[in-house]
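Here subunit A shows up in two complexes: once beside subunit B, once beside subunit C.
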Partner chain A sequence: MRLFVQAVILGLLAGGVYALMASGLTLAFGIMRVINVAQGVMIILGAYVSYTLFTHFGVDPFLSVLFVVPVVFVLGVVIELVFIRPLRPSEREELSLLVTWAVALGIEGVLGLVYSTTYRSTIPSYANAAWRIGGFAVLQVQVYAFGLSVVILAVLGVVLAKTRFGRAVRGTVQNPASAALLGVDERKVAAIGFGLSVATAAAAGAVYGVVTPFNPGSHYDLISLLLTIIVLGGMGSLPGTVVAAVLMGVSQALLATYISPTSAKLTFFILLIGILVVRPQGLFGAVERGKL
Partner chain B sequence: MDVVLSIRGLFAGYDRGDILRGVDLDVERGGVTCVIGPNGAGKSTVLKVVSGLLRPRAGDVALDGERISGRSARQILDHGVVHVPQERSLFPSMSVWDNVLMGGYVLSRAALRRRIDEIVSRFPIVRERRRERAGSLSGGEQKLVEIARAMILEPRVVLMDEPSMGLDPKARRVVFATIRQLNDAGATVLLVEQNARSGLEIAGRGAVMETGAVRLEGVARDLLDNPEVARLYLGSAARSLGDRG
Partner chain C sequence: MAHRRGGSLVAVLVAGLMAACSSSSGASSSSSVSGGASTAPIVIGISLSQTGDFSDPGKAAMRGYQLWAETVNGSGGILGRQVQLKIADDASDPGQAVTNYETFITKDHVDLVFGPFSTLLSVPSAQIANRYGYSFVEPAGGGPDMFAAKLPNVFFVQPAPVLACGDPFVNWILSLPADQRPKTAAYVSLDDPFASPIADAMQAKFEAAGIQTLARTIYPPETTNFTPIVSPVAAKSPDMWVGGTQSDDAYAQVKSMISLNFNPKFLYLSNGASSPVEFPSKVGASNVNGIFSCGDWFPNSNASGNQDFISAYTAKYGGDAFGIDSTSAEAYAVGQLIQAVAAKTGSIDNQTIINTLHSGTWPTVEGNLSWDQYGMPQGSDMLVEWIDQKLTPVYPADVALHTPVSPKPNWGG
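Entry: the complex of A and B
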């Protein structure tokens, strides 16, 4: 039982970070019907920028988020303008897979040239510090990573629910023609929305590098995980993404504890096949437009 | 006649050719102008061109003498032309309140606050159902919220595309009465309506479209009394529907 509780705690903490990683993917799909398979490489890019700031300038990886987010936001806007906007709306969903995959490979190549393929890790002084709560050991960095993810997701939630821009995003997701008639510039919403979606991934990446060693090819594992999460949650549903991410984190931790860490990587295949058989539209069932 | 919106020689369509083939139409300031005609005549396409959703291939749309055809939907909205489309246009997962706020998307925060008070007093449904998801309202209620949302901008011209479509007779009566009230309060309405009798009855002027052009235009009452129009568009089925609705 003790082992079980420990695994669940670890899984919840990891699931919070997964939720942040995947939320951007959901946002981009909801607004633009773009399946951004470069989301994984954006996480790795965030991890490298944070790693560089830490090793060269001594910037704490959690503080580096303040730099990573705006830089990758601008990169996201540029990617949207240059690579995604020229796609015809009718073909965007399919072609965005190819285009963003090309972007992912390009960024992976550049990262490989700059940093080589050696695994890196951002290791601050408190990397191995742990708290003991009720007899359970919890790594401080994992709690910080979880806390940061929750804060960023909460800010994203408030922006979407309470602001003029958030209403424009939700309006565009639910009924783009109607939003345009009310004066919403869909292209502007798409550019800013895509920038936000990759910026959240990069923020998650900054903390990912503290928790997990990474190299430029690590995005392959990440994108498989993230795609599973958004399919599991129901494509385009933000609450569904959060629930699926936590479910994924806990399942992985339990498998790693009771079977082996290697088999934990199979978790997403098992969950994906299971959910597609039982509930093909995902947990929150947002198969149609309009659920963000 | 004091014309606020003037359409001249309008040609427009989609990929496969023109749907509008030389539309000429005048909309009287402060009145309701109702366009009737069979399916495929191009009625809704006229509204799409006027609101900037569709660019015309030729011809002009002028608002108070200023050419607006070919401009973007946002620019035309800024000129005070608001389009309430035929299909359900609310954001179904958003609350009624957020939907109405979206109507004032282009307004400043202060202007929006000012306008929303008036809209709430004129459309009680906005206050009564403010927290409910728009998608959970009935068809008639949704149409009223759509109209309330359109009125946030105090439009110079409201384009209404088949507001009675899919509504039961009671809801239809409420929607037409609301349009009438808006017009009494000073709004200019260009109404496209399949339910010809009900549309013409609340209109001051009317037009009949066929195969992409206006075939007949005049005072709505005259069109209602026109035997040819009555035979084609106000037949017994239309009459009974109109009488009930």
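Entry: the complex of A and C
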């Protein structure tokens, strides 16, 4: 029972961070039908920027989010304008895979040149600290990261639900043609939406570097994890992504505890295939274009 | 209203795309280091990874090779001929490495070839060299595949094959009085051809000696979250923790143990913990003490030419002796061997090199080396331990600079 509770605690905390990482991916798909396979490298980019700020200027990785997010937001808008906008809408879903993959490889190459392939780690004073609560280890950095995820996802949720921009986004997701007729500038929504989606990834990256050693190639492991999460949650569904991310975190921890880390992955994919057979649209995905 | 296209299509597209993109090829570039004015330099072709996964060790090997070439040229070359290195980038791609060696041998007609970094690249490259009768003296590439290929032209310039990395630790533990030995052990390894076999070999020997196995866990290379893996093993409180690790996973295992406040009495990590600069920077310098690993080269060793190597290295590249990557020493040792053969036989003919190195013991910065018929070294690695935040050889006694410290101090101690 102790092992079970410990695994659930660790899994929940990890799942919270997965949710932040994957939320942008589902946002980009919901708004633009773009499958952004560069989402993983954006996380790693965020990790490197945060690492640099910490090692050279002593900026706390969580504080560095305030710098990382706007910088990567601008980068995201530029990527949307230069690489994604020219794609024909009818082929966007497929071509976006190729284009964003090229972006990912390009950014990986630049990071490799600047930082080399050596693994890096951001180590603030609390990096390895844990609270002992009822005999269970609760890792401080994961709690902070979980908290950051909750705050950013809550802000994202409020922006989408309450603001004019959020209404434009939801309108575009539900029916781009009607939204355009009502005066929504779809191009502007797409650029800002894509910028936001990669900025959330970079925010997650700032804390990823504290939890896990990383190098420019680490994004390959991340993107497969994130794609799994958004497929499970239902592509384009933000609540679905959050639920799927937490499910992923907890199931990984439980399977690693009770079966083995190597078969955990296989077991998880068998479950995923089973769910997709019953619900091809994922846990929360709409069968038609619908709610974000 | 557009219907959502199936997630399965997307998944297939992504999988296909990733598979297509996972193999990269690199353009070849070449550079040369020429030492002087000789009209007939000895040209040596070397494929090294300057980009891709092996670019860090590839560059370290290049520093070692170039330092050796400059040193030997500064002292008049080999047999009165200057040495000229012809280095081509293989982008960490085995196919490109093979192409590079084919080009060196058939188009450039180089006198000799030296090995690249990683067994992945070395095995197919050595086969090419063997086909053309070239010797293949290599600084890295000591994985089981290399010796299974049964190539007579190969010489792995390290004291022991990769899979024997854990032997010094096993021998030391089993040399302890029974009441000081660990009673229980856990083996936590990366699913990798170099990492988990080391831990498996150690487990077999420890079990044969009566040390009970409490857990054996193998994790996939794409693991990003280690705490759920370390947590159930730590809950069993093994006396000894053996990690079959490579690099980042070693750092992550240690970080998880610290977070979970689990401190085994003996902690061995096959790789990653043996990096004098990287390891403390990843896990925190105050957490390294008492951790064991294996090493093939050490700055303080009194191996042949080692102090000259260190002086020349620090003069050329800066830094101090403890910042030198062992791969640079391994590459330098490759050159030392060729010099030694030339001094002994008056020739650098490939067949002469192959025949000559197959007998006797050869002093290098890597220690005194000898090989079996397929280039497997016959010596032993060193057991190294972090003592006072410095990586120190502790076993066997003839190379030790300190006695092993056990049990492991607490984290931060």
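Side notes on the structure shown:
Rule of thumb we're sticking to: the second predicted complex is superposed on the first by the 280 of 292 C-alpha atoms of A that agree within 3 Å, B and C clash if a C-alpha of one lies under 4 Å from a C-alpha of the other, contacts with A are read in each partner's own complex, and residues count from 1 in each chain.
By definition in this document, a residue touches a chain if its C-beta (ideal position, glycine included) is under 8 Å from a C-beta of that chain, and two chains touch if they have at least 3 such contacts.
None of these values were measured; they are calculated from a predicted model.
Taken together through their common subunit A, the two structures put subunit B and subunit C side by side without a clash. In the overlay built on the shared chain, the residue A:Thr52 is in contact with neither subunit B nor subunit C. Considering which of subunit B and subunit C touches more of subunit A, the answer is C. Contacts of A:Asn175 after superposition on the shared chain: both subunit B and subunit C are touched. When the shared chain is aligned, subunit B comes close enough to touch A:Gly183, but subunit C does not. In the superposition on chain A, A:Arg167 makes contact with subunit B only, not with subunit C.
Geometry note, superposition on chain A: angle between subunit B and subunit C about the Cα centre of subunit A is 150 degrees, to the nearest 10. This overlay, made by fitting chain A, leaves subunit B and subunit C with a least C-alpha separation of 9 Å.
In the three-chain superposition model, subunit A touches both subunit B and subunit C at residues 175.
Chain contact summary for the complex, subunit C toward subunit A: residues 1-8, 10-11, 13-14, 17-18, 21-22, 51-53, 55-56, 59, 191, 217-229, 231-232, 235, 247-248, 251-252, 255, 258-261, 278, 281-284, 287, 411.
Subunit A contributes residues 2-3, 6-7, 10-11, 14, 35, 37, 93-94, 97-98, 101, 105, 112, 116-119, 121, 123, 127-130, 132, 137, 139, 142, 175, 211-215, 217-218, 220-222, 224-225, 227, 231, 235-236, 249, 252-253, 256-257, 260-262, 265, 276, 280-282, 285-289 to its touches with subunit C in the complex.
On the side of subunit A, the complex with subunit B involves touching residues 164, 167-168, 170-171, 174-175, 177-185, 290-292. Those residues of subunit B that touch subunit A in the shared complex are 51, 53, 73-74, 77-78, 82-83, 85, 89-94, 98, 101-103, 105-106, 149.
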